[in-house]
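Two complexes, one shared chain (subunit A), two partners (subunit B, subunit C).
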Partner chain A sequence: MSKIIEGLKYSESHEWVKVEGGVAVVGVTDFAQKEMGDITYVDMPDVDDEVTAGEEFGALESVKAASDLISPVSGKVVEVNEALDDTPELVNEDAFENWIIKVEMSDPSELDALMDAAAYKEHIGE
Partner chain B sequence: MKYYDKLVFELSQKGRVGYSLPVNRFPAAPELPNELKREVSPDLPEISEPDVVRHYTNLSQMNFGVDTGFYPLGSCTMKYNPKVNEEVAALPGFTGLHPLMHAGLTKGALKVYQEMDKALAAITGMAAFTFDPCAGAHGELTGLMVMRQYHMNRGDLARTKVIVPDSAHGTNPASAAVCGLEIVEVKSLENGRVDVEALKPLLDGTIAGMMMTNPNTLGLFETQIKEITELVHAAGGLMYYDGANMNPLMGVVRPGDMGFDIMHLNLHKTFSTPHGGGGPGSGPVGVAAHLVDCLPDLRVSGFHGNFGVILRAYAYILMLGKQNLKKVGQYSVLSANYIKECLKDAYKLPIEGVCKHEFVFDGLINDGAHDEVHGATTLDVAKRLLDFGFHAPTIYFPLLFHQALMIEPTETESKETIDAFIDVMHKIAAEAAEDPRILQDAPHGAPIKRPDETAAARNPILKFKDAR
Partner chain C sequence: MSENLNNAELLKTCLYDRHVALQAKMSPFAGFMMPIQYDSITVEHNAVRQKVGMFDVSHMGEIFVEGPEAEKFVNWIFTNEIRGFEPGKVLYGMMCYPEGGVVDDLLVYREFAPEHFLLVVNAANIDKDFAWIEEHAKGFDCVVRNESPVWGQIAVQGPEAEKTVVGVLGLKEAENLGFYTFYDAEYKGKRLIVSRTGYTGEDGFELYTSLEGTVDLWDRLIAAGVQPCGLGCRDTLRFEAGLPLYGDELSPEISPVMAGLGMFCKYEKDFIGKEALLAQKGGEIVRKLVGIEIEDKAIPRAGYPVETPEGEEVGIVTTGYHSISLDKSVCFALVDKAYAALDTPLSIRIRKKVFPGKVVKKRFYQTNYKK
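So, the complex of A and B:
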């Protein structure tokens, strides 16, 4: 059973969003980290890069596979979690605690297209 | 197996010389200017001849290859490499060649290229081949550059996307990305084939083409291939054939007849040249008649690719001839289906039906899990196989299944070898049901047990000096 947190928004490609004012904190879900297995590298954008909802902004690499990270929102990257550069395993340890990027949203209405916890739970079949 | 893990540098003794040069009868060359000289001498091993010979012989005995045992590594086509190929490649007329020789002195080699061009065109239904690419992925990139060139020549610059099935070899999207194209994924159906209904809405004026492997990575023939190629052509796109899985089709079906416009072949797979351990490979690219003009004028490798590999493949084609090339395809399919049917009582077969040269199990049916013990995984099965002297199959690919175990026996194994493998796979399944720990502690006999792949990926040690 994967951990799902109430109050967050979820994408079909297994990213979560926590809204802090106009900023979206983005990470991957516990389900995603379990599917990937031991994560060996997190490819992240740079601060000030623009990201677009539905398009890739980076990638996760594990022993098993590499998987694109898809941005759930559009906007400008204001912070990246630099700790993941040297310790990508943090994503395995706690996927919700260890966010990946923070985005200053250009269109907060995009959040409406995302799932809530209950819908995401159904999405992953748990 | 005798364990041996020394590095040649560790055998080095300062000042030891393992050669003697004749006396120099020529005047000494002028000294190099200082700015061209190294500041520090290169760190080269200094060893006697017997020590060098023992070192590499010992290392070679740590190796496993098709010459030492059964190697059912799915997707890699580890068929036996006939020794006659080596004899031909060792002929002095070929070994004495130099790529910068005057054309008048290289006519034999040029004829090999011409004859191979004709032979591969006949086998695949393409019009012409380029032999420059040195491997499969290199061929993919070259082929996609041809695709891009075709659209550019027509002034159609909007076509920037390539469709790739979700079951594709990882090299397909990677090659498309390197070529500057955007990747669009198309889903597979429950039966493992491309979902034609999901493909249709993707086809518009932005599609440069579609890449496919047929049979696909599950070893299944794409039965709707004609419809797929017609749809993509109708939308103005080109079809790219990834030749990695050409073996079962050899002499039976031709990619050109299925509607493919561009393709590569892996001579080191289908045409029996040595591979594994990183090469050398050869990935010639073939194109249909309407694309011959787009074949690269620009060279994509030095000196027309790996000539020695192309030569070996030519020997293979001549030795087999048309009749026996067909048997390659047929026997590779027979061997794979025989193993699949014999083992599906012990291993989960996610998609029933006839496969081509390879197939995928999704782990053990009875993995032995109960309250106290975890079940045995595909990794455990693969590790246990090593104890019985078999190379492990490909594992955890394709990603469509969680416990994928991909077996490709090829056409060159005897029934006795295949039966021995089936017996061992049954024995391993029985062990797992009884006590999965036997598998989880495997390999029991190999010099290296279970390397920590995660630590290796997170902190790769890339220099021998850092390894000790």
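So, the complex of A and C:
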């Protein structure tokens, strides 16, 4: 069983969002990290880059494959988790603790299109 | 092709139930449902580099050629020279199209009976290869048989491979076996071929026997604690050792000369594709396969573009990893031959970013074969 946290928002492409005022903290779910296996590299945008809901903003790489990261919201990147540059395996250790980017949202109503914990649980069939 | 098959149409090796019981991550490969990994790819990779690991390679094809003109025939379809090579020896090479592209890369075993050969071919190519071999065998006094479905195969690989096959399986003669040689034994009343070959860059053995015998060997190795290894680390291991994979580094479009495997083509004899390969060797090739190392942890994957420092696209990645044994991001790439010299600066475009690097030797890892 994959860990799912109540109170977060989830995308179909397995990103989670924690809302902190006007900022969305974005990471990948426990289900996603398990599917990927050992994560060896996290490709992240730079601070001040613009991201768009539904579009790729980076990638997770395992030994075998690269998997695009899809932004659940639109806005400006205000912080990236630099710890992942040197220790990408933190995502495997705790996918919810180790967020990837923080986005200052330009349209918080985009959050309404995301799933809650119960809907996401159903989405991954657990 | 295999991606389009439904699971129901996929073949299973004789060890399929064992993989499922071990909760391996299974995936279609070459028309078979195969184990990708049992543990993590890194754990399995390191087991082979540091101790010993084993692979189910029962999907590989076994084609036998025998008859008064078997040697003459095999030497005609095979790029390497088999005349003068002794019984009990194994030789690597290719079968090529007249245009120089590759039908398949394969191992040829010269059996102990005169004019008997075993050709071990890639699983994805068994039907194509057998049709090619049958077609070209017309006019030669020999018979060809595809026995792939009745042979299982386990590869035991790593610095402790000899200790394992001798100690666990009691294959005492394996001790004296040189690299790229084999001997015949019997197991469960059927033939067992013990071959000192592999696809990992380490010392190791490939054991060919009946389906029942293969399952029995597997169970004994598992009971002895040998790490089962999937196709995931088979690819990372062969890649580091500079070994090509058919479909990525060799194909109907990528000849042995382009792939830098010309040493396995012998031009003092006649074989299918010789004229085209000689012309390529003489300068008529456009692209060559090289190794590239980049200065970042980003991973060059198959299909990513290779660029000059000025941004001109001059090639494409065929296989790439963040190498487990070297902790470096490296790849094989097909590049315009003007950029194939060692130390030539070349960059890889990975998604939106460009990562600088340079041409390096394709053998990224120092292999440890039996002398």
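Here is the rule we go by: the second predicted complex is superposed on the first by the 126 of 126 C-alpha atoms of A that agree within 3 Å, B and C clash if a C-alpha of one lies under 4 Å from a C-alpha of the other, contacts with A are read in each partner's own complex, and residues count from 1 in each chain.
Keep in mind that, in the parts below, a residue touches a chain if its C-beta (ideal position, glycine included) is under 8 Å from a C-beta of that chain, and two chains touch if they have at least 3 such contacts.
Here the structure is a predicted model, which means the values were calculated and not measured.
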item: Partner chain(s) touched by A:83 [first = subunit B, second = subunit C, both, neither]; value: neither
item: First, second, both or neither for A:64, with subunit B first and subunit C second; value: both
item: Contacts of A:38 with subunit B and subunit C, given as first, second, both or neither; value: both
item: Touched partner set for A:47, first subunit B, second subunit C, both or neither; value: neither
item: Dominant contact partner of subunit A by residue count, subunit C or subunit B; value: C
item: First (subunit B), second (subunit C), both or neither touched by A:119; value: neither
item: Set of subunit A residues, in rising order, touched by both subunit B and subunit C; value: 38, 40-41, 61, 63-66, 88
item: Subunit B contact footprint on subunit A (complex, rising order); value: 38, 40-41, 61, 63-66, 88-89
item: Subunit B residues within the subunit A interface of the complex; value: 170, 396, 399, 453-454, 457-458
item: Touch list for subunit C against partner subunit A, complex; value: 36-37, 40-42, 232, 235-236, 297-299, 301, 321-322, 324, 350-351, 353
item: Parts of subunit A lying in touch with subunit C, wherever the complex brings them together; value: 37-38, 40-41, 43, 56, 59, 61-66, 88
